[in-house]
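The structure is given below, and queries will be raised subsequently.
A, B, C and D label the chains in the order they appear, each numbered from 1.
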Amino acid sequence: MTRAATIAAMWIALIALPWWLPLIGGYTALGSKVLIYAIATMGLNLVLGFTGGLSFGQAAYFGLGGYGAGMTLKYLVPSTPLAILIGTLVGGLAATILGPLVMRRRGIYFAMITIAIGQLFYFVIVRWNEVTGGEDGLAGFGRQDIHLGNVVIPLTDVNFYYLVLLCFTVAVAVMWTLLQSPLGHTWVAIRENRRRLQFLGVRPERYVWASFAIAGFITAFAGTLNALLFNFTSPQDLHWILSGDFVIMIVLGGMRSFFGPLIGVIIFVVAQDYLSSLTDNWMTFIGLIFVLIVLLFPRGVFGIFDRRAKIA
Amino acid sequence: MSAATAHEAAATAAPMAAPQAAAAWPFLQMVNVSRRFGSLKAVDDVSFDMAAGELRAVIGPNGAGKTTFFNLISGLLPPSQGRVIFDGEDITRRSIAHRVAKGIVRTFQITEILPDLSVFENIRVGVETARGINARPWIGRGERIAVNRRIEELIAIVNLTDKARRIVGELAHGDQRVVEVAVALSVGPRLLLLDEPTAGMGDSETEHMVDLVRRLHSDQGVSVLFIEHDMDIVFGIAQRITVLDRGRVLADGPPEQISADPQVRAAYLGEAE
Amino acid sequence: MQAKVSRRRLVQAGAALAASTLSSPPILTYAQGETPIKIGMHDPLTGTYAAEGESEVRGANMALAEINAKGGMLGRKVQLVVEDDAANAGLASQKATKMIDQDKVSMLMGSVSSATALAVNQVAHGRGVVYMVTGGHTDPVTGSQCHWTTFRICTTTYMLAAGLAGTLYKKFGGKWYFITPDYAFGHTLQESYAKLLKDLGGTVLGNSLSPLGTTDFSSYLIKAEQSKPDVLINLTDGQDLVNCMKQAAQFGLMKKFPIGGGLSELEVLRALPKEARQGWWTLEWWWDQPNTPHVKEWVAAYQKIHTDGTWPSARTWFGYAGLHSLGLGVAKAKSLEPVKVARALEGLELPDEIKLQPNKVYFRPGDHQLMSSEFPGEDLPDGTYPNLFKVADIVAGDKIALSVKDTGCHLDYKA
Amino acid sequence: MQLLLFNAFNGLIQGVFYALMALGLALILSLNSVINMAHGGFLVIGAYLAYTLSPYLGFWGALIVGPLLAGVIGLAVERGLIRPIYKRSDPLYSLLLTFGLALIIEDLTRTIWGAQGLPLEVPDVINSPVSETYFFITGYRLFVIGITAAAAIGLYLLLRYTLLGIRIRAGTSDLETTAALGVNIYKLRALNFGFGCLFAGLAGVLAAGVLGLTPPMGNSLIMPSFVAIIIGGVGSLFGAVLGGLLIGLAAGIVTTYYPAASEAVIYLMMLIVLAVRPRGLLGEEGLFE
């Protein structure tokens, strides 16, 4: 199949998902969750796979987006679009503000600092009980029907899935455009060889910052949808364990490939959903996935077919 | 233009610059520059002039301070003492980016390329940088066509048209170095610093590179300063040669003068035999 | 750790991971065409609360066996679908949705952490499925965030405080210092205690809020010691309680003043070294009730199934009573229809062989909270498992619960 | 004021513990170039092994053997899992590998020892306050300080005066040259990793004296030591110790006034240090120098 045909098939499968997923024993909310995580990980992959910055604290912006959306609905206005907008801004701006502390670091340092910053947000959310609900999570809000002129669209499970699919499409279009743009080319060049770029007169830091900030916005965008999925958000959505899960999903699918994270998310989320119903020791299996991917398939599923993804 | 008028012109254009009495406009000038690493003086009180349009070689035995010399010009390292002046501006403390904007572009002894990308993509980054658009989050059709045309042009100049879509990391070593030169060329250099452009190359590769350097100098009008160990190349193409030894300038002049210099023969050429 | 609960074994255990990519377990078909009634249970089987979660699942499985032995519900076999929520609210929501949509469960039950209870509360209400909260104590579950779909077995935080306050005041005096876990559960518990103390005529000397998951309690203990209280009220729970008590013991504080607290559990008592196993606490159920009918038999039945030397805890009883309550509700409603089941559960009284405690135990109609007893008493430092606690009193739930009006609950049945 | 002093001192004691964790982590980070996300796992292994062994060896025996076994397990893990990925220049892979390892260790611990919390009994000699007034200075806390100091000094002497230590330091500053000089860097890195895990195990046993044992206990203890390393400066073991003490102190002081921020403060402190001095307080100045 050509690339275009594959991608067309993917979209058809996604559009038809509410029909076929229950037939094979899945449930629509699982489809929504996969797409939400796909937005988050594809956003993160702008930093991780395309700019080469090892961001290991991305869940913080995901969670902040969720809290932004949830608190908007709970305390400000009962409007789903506004909740998404405000949540995205909250998480995205947090990443933008902290970007300068991150942008000069590389490799291990980048990872450690992003983890630590993520934990800062985690503790702010988990301890600020009065506002965030603390450890118990934020409940007591619900996604609101969408009003388009005179038409009211109730956000049932299936309709919400289509809202998520729409958001996914928008996010994919934005990221695709970015990666085809000079900015995207510069990111990839930074990943490949920071020094070369410096000696072309480019200051890599600013571009790393841009990448980190944009990834923050996109992950936060996904986070808002995640809060709306079950009308609930909790501090675990900011925790470094989730950050680590995001990274392994990307690597699993193939971090050099645009749609790689989507494949990784499908495998990981479905495997987790399935394994945790099957055995108490599912964490061991998830851990084994980490270990085996690293040792045997470092290029991920997509990488197996892509000779560009050189590792060692 | 006489030396006196050149002096005056420089003084009005850039009062910071302190041009010395030189035959032509002092394009690149280093004034008593030193660089120390701990107790080691890698570059020791070097003064150096280069005119625009020159094709100049820097030679010297291992550890003579050639690469440090390049690092000081390109801005990778700040000097411990002295000043670096380019095109009438004191750039001693200026950033790498500023120097590149002024036209100083370099390559490295160990090839610095974007290994997982194609030749085309490697050069594209340079072209987009040169056009000042690399922060743009989208690109229009017209711009894209212009960029692609320029990339094809550059690829043609360096004779890599048949390998344009190949992944650079998988190319032969010689081709990789050519790509690096092409990338450097893409940002429109006025002074190109080439650190051992033919290092590790086979005969035909070397020939190709030498031809390329010569053409860049003559056809593209780029001033070239290059470090080279192969004396056949140095004496074959350089218009002028600077000899460094233990961080100091041992001699400086046209090839025939250098090859006749007894000091150079003793310290360097003799040793190389 | 053996004697695994009957988890969802709808697939061959050997099914390869690779095959799972997009496929899902085939629906098990019964030879007779009789479809069982499925009940979904979420509980933490991994992570911090795994011990408590496992106890609840064990209890539910005992009830399951009993119900099926008596012919199931409405003449249909009952099947329990257990999912691990890892005490993670997001995962709990996902699993609850999965059980409703994919496994087609008729009712939900479970939870150890309050966060998962609140999260599943939203999902269950959104889909109109009856949800029996077994172990999330936070007040909003049957208070400000109560729903017509939600019922709760374990007591409210207010009831925990009310069960013990009087005893402590009478025994030790009225100047109290509090160490309170800094989240909703702790806050409500402390406020309840403070209110009760005020009514009794005592004073609050101070209150230290300790973040949940605190590993070093020394600064709070220092503050407490400086206030020279009559009683130190330690409201932390679970692992925090273990850490706090261990450190208080090392500081020698037990020799200076008595320590009392909120909730304790058999699981927690077991994790305490003997020098830290001191003070006055409230349990929600205790295995040693010589004068209560059926308790001894029930404990024996538990140990017949679980031969790992463990004893049933309050959590085991939560799971047990939770599933039985659903069964009784369905039987009374003669239907699986959620509204009918919910209406049937309102005011439903648990029979002796299920309530396993004295006093009247029933679901209060106004907020769906089970009025079960509190078991205040004292830790036994020299006891050995399971003799780690001495029950001083068994306080009836409806004597100490806040009135429905004060809970802030308005049930939201559809008109 | 007295309360503040109490808490500051108390924070320092806590800092000693962070420092011990950070030291092992920093050791592995500098020579093995691995961010060991499984460090909390090795802590748990050390603690549980000590719990299991203490009925046979007593507390003191378990204190020694538990960490040693954690170190040995570390050696095996290094040999089997970490070594194959040294050649990958991207630190992503070691990060993910150890992350997965952390999940596996936690899950296996739960499967072997149970989810139920377990108590490690500490001998009465060190299990009571040394002074009535300063009741928070318990024998056990002094003991922790003593052991940590001994471990840190021992490590210092090892790095300074033994052949192995000199090689480890050389390898940290320039691995390739060290290899070229004929040192078996594989062995060196393996031993170093083992040492790091031994430190983690030691921290675990010491922690078990004040905390209950649970399978996830390592998770909450690993993050502050990360911060300690960043604040102290990556590449400096002395910095890791300093960072540990500083965040302990900061957390202790903040706890006096605003306990809810006692965790957030160490991350804030990190941000401030990074903004003012990006490489950390003692960053990249070599080992103990």
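General remarks:
To be clear about the criterion, a contact is a pair of C-beta atoms (placed from the backbone, for glycine too) under 8 Å apart; a residue touches a chain by one contact, two chains touch by 3 or more.
On a predicted model such as this, the values are computed, not experimentally measured, just so you know.
Placing every chain at the mean of its C-alpha atoms, the farthest one from subunit D is found to be B.
Centroid to centroid, with C-alpha atoms defining each point, subunit A and subunit D lie 32 Å apart.
Subunit B and subunit C have CA centres that are 75 Å apart. Put simply, the C-alpha centre of subunit A and that of subunit B have 44 angstrom between them. Spacing of subunit C relative to subunit D, judged by their CA centroids, is 36 angstrom.
Of all residues in subunit A, those touching 2 or more other chains are 127, 129, 280, 283, listed in ascending order. Residue positions of subunit D with contacts to 2 or more other chains are 107, 111, 260, 263.
The complete set of chain-chain contacts reads A-B, A-C, A-D, C-D.
Across the complex, subunit A meets subunit C through its residues 22, 24-30, 33, 126-127, 129, 133-137, 139-140, 142, 157, 226, 229-234, 236-237, 266-267, 270-271, 273-280, 282-283, 285. Put simply, subunit D touches subunit C in their complex at residues 3, 6-7, 10-11, 13-14, 107, 110-111, 114-122, 127-129, 135-136, 138, 140, 207, 210-216, 220-221, 252, 255-256, 259-260, 262-263. Residue ranges on subunit C touching subunit A, taken from their complex, read 4, 7-8, 11, 13, 17, 20-27, 45-46, 83-84, 86, 88-91, 93-95, 97-98, 101-102, 114-115, 118-119, 121-123, 126, 138, 140, 144-145, 182-185, 187, 211-212.
Remark: subunit D residues 29, 33, 35, 37, 81, 84-85, 87-88, 90-93, 95-97, 99-104, 106-108, 111, 219, 223, 226-227, 229-230, 234, 260-261, 263-264, 267-268, 270-271, 274-275, 278 touch subunit A in the complex.
The touching residues of subunit A, when paired with subunit D in their complex, are 48, 54, 56, 98, 101, 104, 107-109, 111-113, 115-117, 119-120, 123-124, 127-129, 240-241, 244, 247-248, 251, 280-281, 283-284, 286-291, 293-295, 298, 311-312.
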